[in-house]
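Below is the structure I would like to discuss, written out as C-alpha cells.
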Amino acid sequence: MTAAATFVDEKLLEKVPRWRNYLAAKLGFRNHWYPILFSRDVDEGQVVKAKVLGENILLKRVDGKVHALKDRCIHRGVQLSDKIECYTKNTITCWYHGFTYKWDTGQVCDIIAVPNSPVIGTRGVKRYPVEEVKNVIFVFVGDEDFETPALVTDVPPFFLDDDMHIEGYAYVIDSNWRVACENGFDALHIYIHRESPLVPNTQRSLPLGNVRREFKHVFLEAEGGPKGLGDATVDNVMTYEGRVEGKVVVRGTKMHATPEEAKEKRTTGTFMCLPGVLRVDNFPYKGLTQFEWYVPITEDSHLYFITLGKRCQSDEERRDFSHEFWHRWKAVSLEGFNGQDVQARLSLQKFYAKDEHWLEETLIREDKALVMWRELCHRHGRALQLPKHLA
Amino acid sequence: MTAAATFVDEKLLEKVPRWRNYLAAKLGFRNHWYPILFSRDVDEGQVVKAKVLGENILLKRVDGKVHALKDRCIHRGVQLSDKIECYTKNTITCWYHGFTYKWDTGQVCDIIAVPNSPVIGTRGVKRYPVEEVKNVIFVFVGDEDFETPALVTDVPPFFLDDDMHIEGYAYVIDSNWRVACENGFDALHIYIHRESPLVPNTQRSLPLGNVRREFKHVFLEAEGGPKGLGDATVDNVMTYEGRVEGKVVVRGTKMHATPEEAKEKRTTGTFMCLPGVLRVDNFPYKGLTQFEWYVPITEDSHLYFITLGKRCQSDEERRDFSHEFWHRWKAVSLEGFNGQDVQARLSLQKFYAKDEHWLEETLIREDKALVMWRELCHRHGRALQLPKHLA
Amino acid sequence: MTAAATFVDEKLLEKVPRWRNYLAAKLGFRNHWYPILFSRDVDEGQVVKAKVLGENILLKRVDGKVHALKDRCIHRGVQLSDKIECYTKNTITCWYHGFTYKWDTGQVCDIIAVPNSPVIGTRGVKRYPVEEVKNVIFVFVGDEDFETPALVTDVPPFFLDDDMHIEGYAYVIDSNWRVACENGFDALHIYIHRESPLVPNTQRSLPLGNVRREFKHVFLEAEGGPKGLGDATVDNVMTYEGRVEGKVVVRGTKMHATPEEAKEKRTTGTFMCLPGVLRVDNFPYKGLTQFEWYVPITEDSHLYFITLGKRCQSDEERRDFSHEFWHRWKAVSLEGFNGQDVQARLSLQKFYAKDEHWLEETLIREDKALVMWRELCHRHGRALQLPKHLA
C-alpha cells in the first residue's frame, strides 16, 4: 500500500480550514527543534538511539560534541543500530556491507567490502543539526534544504536565560502529542488534580475551575522568536466549591485570603508555543517555572519531556535546586501531579485517535484558548511531517 | 482515515441483492432491542459498563429502574467509565472537567469547573431506552428520532408470556454475530453434537443429520410482531448412521421407537427472528424452551446471551426450575452442548471474517433455511449499524 | 474490505517496469514447485498441516504416497484441521457437517449428515500435486487448469542427480522470501560472516568482500530446465583487509597461498533460480553443495528450507555424511553461519516490508547480480500469487 499524501483524510481537513494543518499534523510539525535526550544520557563515545516524528535517529558524542545521523544505511535500508560498529571515533560502519559514515557530515568515507566504490565521498546519510544547551540535547528535524532557524525560535521565553538553571526528566506516553498539548494548556482540567499530593506538600491553593473573566491571551508571533500564546491566570474567576443539583459535593483547596496572597500561592500564567511546549509560571512552587515538551514519536506516542527551571546565581543554589528536584519535585509534582495529566491524555487518546472524532467534540466558551492554539499552529507550523518522511 | 460508508465493500454488496443488508450488517441492525445484562448484574446504585453494536454504554439502577447513557462525555469525548464519579443518586459527573449528566434524561445539569455555562440544561448525552423484563435488561440501540417500537417486536413468540419463567447466562464469543445465527439455525450442524454430555444425561435421541422432506418454513412478517422464520423439525428425515465409502463409521443416538415417542425425545422446532435470536422448542428437554441471542459487540465478537424458559404456575415450580438450571442445564447443556456450537463459530469466523468469503461458500439444498434467514434480515432489519454510529 | 488486485500498489509497480512482477510477487510466484516438509515429517497415516504462499494445506501419507488437499471445506469454509476426522484410510471428513473428501482426488465421496446429496461425486476440494524425492516433499502450488511442469524445472541443476545424497533441516523466518533470496545471492554480504564458527572449524578462507572483476553471470533460461542465474566466484577480487580512514580495522581470513589452492578453500560458485532457491558450490566444505529454498508462507514469513548435498556412491558414504550433517554442519554451518544470514533478513525486513522502500535503496555497481535476479524473476515467474488466491 502506498502511503497517502497526509496521515489524515483530506475530506476531514477541509472541514476545519482555520486549523487544518493542526489536524493534519498527526506526527508533528517538521522543520522545528525538539528536545530528545538529556546531556547525561549520552556519554563521550556512547551511541544512543532515539525516535522523533517517526524518524529513527542515532546519536554519538565525539570529543564532547553530539552528532545525529539517520539510523538507516543508504544502501539496503537496514538500521545501523541493529549492530553498532564504530571502528574509529568519528565514524560508524554498517554491520551489513561495511558502508562507513562520518558522524560530523554523514558522508560515506569507506565501504569495507568494496574499497574503491565511487559512492565513497559522494553520497551520505542524513545528518540532523544538534544543539546542546541547559543539559538538554535538541535536534532539528527538518528538510535538508531548509535553513536551520535559531533554537530560540522554538523554546518559550526565559528557558534560555543565562541564570535559568534546568533540571528534568522524560518518559514515553501512549498518546498523540496534540492531546498532550491540549490537556496541558486547558485551564479547566485542574479539576483532576484536586487530590494531588502536590497540594498538601506545598500548602498552595488549587481551585476546581478556573474561568477566564475575558480572553486576555497574548499571541507571540513576531519574527525571530517563538510562536506562542500566553495566558495570565491571576485575574481568572476561581471555583472552589463544586455543586451538583445545588449541593456542594466536592471542594478545592484555598490557602490564600487576598488577591495579593493568591499570587504567592498559585500559578501566575501559562504560555504555549510551537512545536508543542508549555511553560507554567510559578509552578510547582513560587519561583519555579515548568517547561514541558510533548515530542511526537509515533502517531500514538510522545516523549513527555518535563523540565523545571529556577533562576540561580551560584553553584550552591544550583546544587540545592538539583537536590530539591530529584528528592522533592520528581515524586510530588512530576509523578504525583503530572501523572494525573498522563491519565487524562490516555483517556483522550481513545477518542482522538480516530481522526473524525476531532469534529465531534463539544467545545465550550472556556475552551477558546485551545482553538486559538490550534489556529496558531495552523499559521506557524513550519511544515507538516508526512508519510513520505518516514519512507 | 475516514470511515467508509458501510463496513463492507460496495462491490461485494452488489453481488447479493437479495441479502445485501445482511452482508452489510457486520455490526448488526440498528433500531432494535438487545438484551445485554441480567437483572442480577445491576444492583441498586451500581454503575455497569457494556458494549453493544460497537457503542459503549453505561448503566445504573436508580430507585429500582435501570437507566442507560452513552459512555462518552460530550465535551472532549472521554469515557465516563474511566473514573466513575456519582455525587448524587440521579447524576454522573465526568472525571475530567465535571460535566454532570442526569441518568433519567441524559441532560447536563451541572459543570463543576464552569458553574454557569450555557451548556447546562441545553445539551445532553445520548440516552438509551431500557426495558427490564423476565430478569433481562434490554436496551434499544437506535436513532434518537426513531420511534421506539414495542419490545414484543424483537423477541420470539412465547418469551414474554406471563407464565414463562426465564433463567439465563451470558458470555462473550470471538466471532461475528451472523455466523452465530447461522450455526444455530443450521439443522445439519447437529453432527457436531453427537458426543455431547447432553445425550446420555437426558436419554434423548440425537441424529447425525436432519434433512427436510420439503421446506415448510413459516415466515412471520406481520406488523406488530417479530420478523422471523420457523421450522418444524418433527417431520424431517433423521440420519442415525453415518457412512463413508459404504461403511457405517459413526452412529447417532436413537432412543425412540415411534414417531409419537420421537416428539417426546427430540426438539420439535426452531424459530429465528430479528435482531438475531433463536428459539428451540423442547430443548434441552421436553417442556423447556431455549431462547438465545447473538448480540453484536464488535465486528468479531458477540455476546452469547442464553436463556431457558419454562412455563411455571407457582413460586415452587420456579424455584425448582431455577435450581435445575444452575445445577443441571448450565453444565450439561449451556456448556456441554452449546460449547460445541461456540467452537464451530470460532472456526466459521476464520473464514467469514473476510467479507469476500461470503461469496465463496458452497451452500447445498439443505442450507435453504439459511438463505431464507439472510433474505428476511435484508427485508426487515430496521437500519444498518454504520461506521458513523461508532464515531 | 475487498482485497486489491495485487498485494502491491500499481503506482509503485509502474516505476520498475523491468522487475515489476518481482515487486508484485510479495507472496511468491504461483505455478511452481515448493519443498515444504521432509519425508520424515509425514509418517504413514499421519495428517500434517502446512502453509505455502498463504494457502493452508493438509497432507497425509496413504500407503506410502503423500497427498495434499486444500485445508478448507468447500461448504462453509472451515478448516478440516480444526478437528481432524479420518474414518477411512483414503478419506478425510469435515468435523462440521460430515463432508467427506478422498485424499487422492479431492472429490466429495460422502456427506454424513446428508447421505444423498447431489454434491457427492460432483464437487471436490482443491488437490495439490505432490512429488517426494531426495526425502523432500514438494508441492505444486498452482492453478488447477495449469499443466503441471516437471519438478526439474524448479530445482537447481545437480539436486536431482542420482548420486546426490541430501540431508536437510527447515524452520520459519519472519521475513519476506525476497529479502532472503537477495541476502543469499549477494556476494558482498560475506562481511557479516567474518566471525562465524565455520571459519575456524573448516580452516577455510573467508574474505571481507568479494568484488567481481567483470560480470560473468550466466543466465539459464532454456526450455525444460530451471530459470536461473549463475556466478563463478573464483575469479573475483577478494578483500581481506577492511580499512576505515586509511587504517586497517578488521581482517578476513585467508588460508590459501595460490589461486589453485583457493579453489580448495573457498566456495566456487553460486546459482540462484526460480521459485527462490540458491545453490552454493563447495560450501560449507569442499565437495559439499548447499541447496536452500526460501518458501513464501505469508507476506512477512518464509520457510528457510536448507539442504546439503554430497555425491555418495555407497550406503556407508551416505551414512557417514548423514552423521556429519547432524553432528557437524547443523551446528557449525546451518546455525552458526546461516544464523547470521537470518539476522540480516530480519533487519532487511524492517525496511523492505514497506513496498515503497524498494524504490529507496541505493544499489551500487556490485549489486548488479541482484538486479539481474529481479529481472529474471520478472521474465520467468509463471504467475503471481494474488489476494484472490487466498480468498
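Going in written order, the chains are labelled A, B and C, and every chain counts its residues from 1.
Heads up, the rule we're going with is that a contact is a pair of C-beta atoms (placed from the backbone, for glycine too) under 8 Å apart; a residue touches a chain by one contact, two chains touch by 3 or more.
Fair warning: this is a prediction, and the values are worked out from it, not measured in the lab.
A complete topology is adopted by the chain contact network, contact being made between every pair of chains.
Look at the contact of subunit A with subunit B and you find different residues on each copy: under half of the numbers used there are shared.
If you average the Cα atoms of subunit A and of subunit B, the two centres end up 48 Å apart. Not a single residue in subunit B touches at least two other chains. If you check the complex, the residues on subunit A that touch subunit C are 1-3, 72, 74-79, 82-83, 87-88, 90-91, 93, 95-98, 100, 109-115, 117-119, 123, 391. Chain contact summary for the complex, subunit A toward subunit B: residues 9, 11-12, 188-192, 208-211, 239, 242-245, 247, 249-250, 343-344, 347-348, 350-352, 354-357, 360-366.
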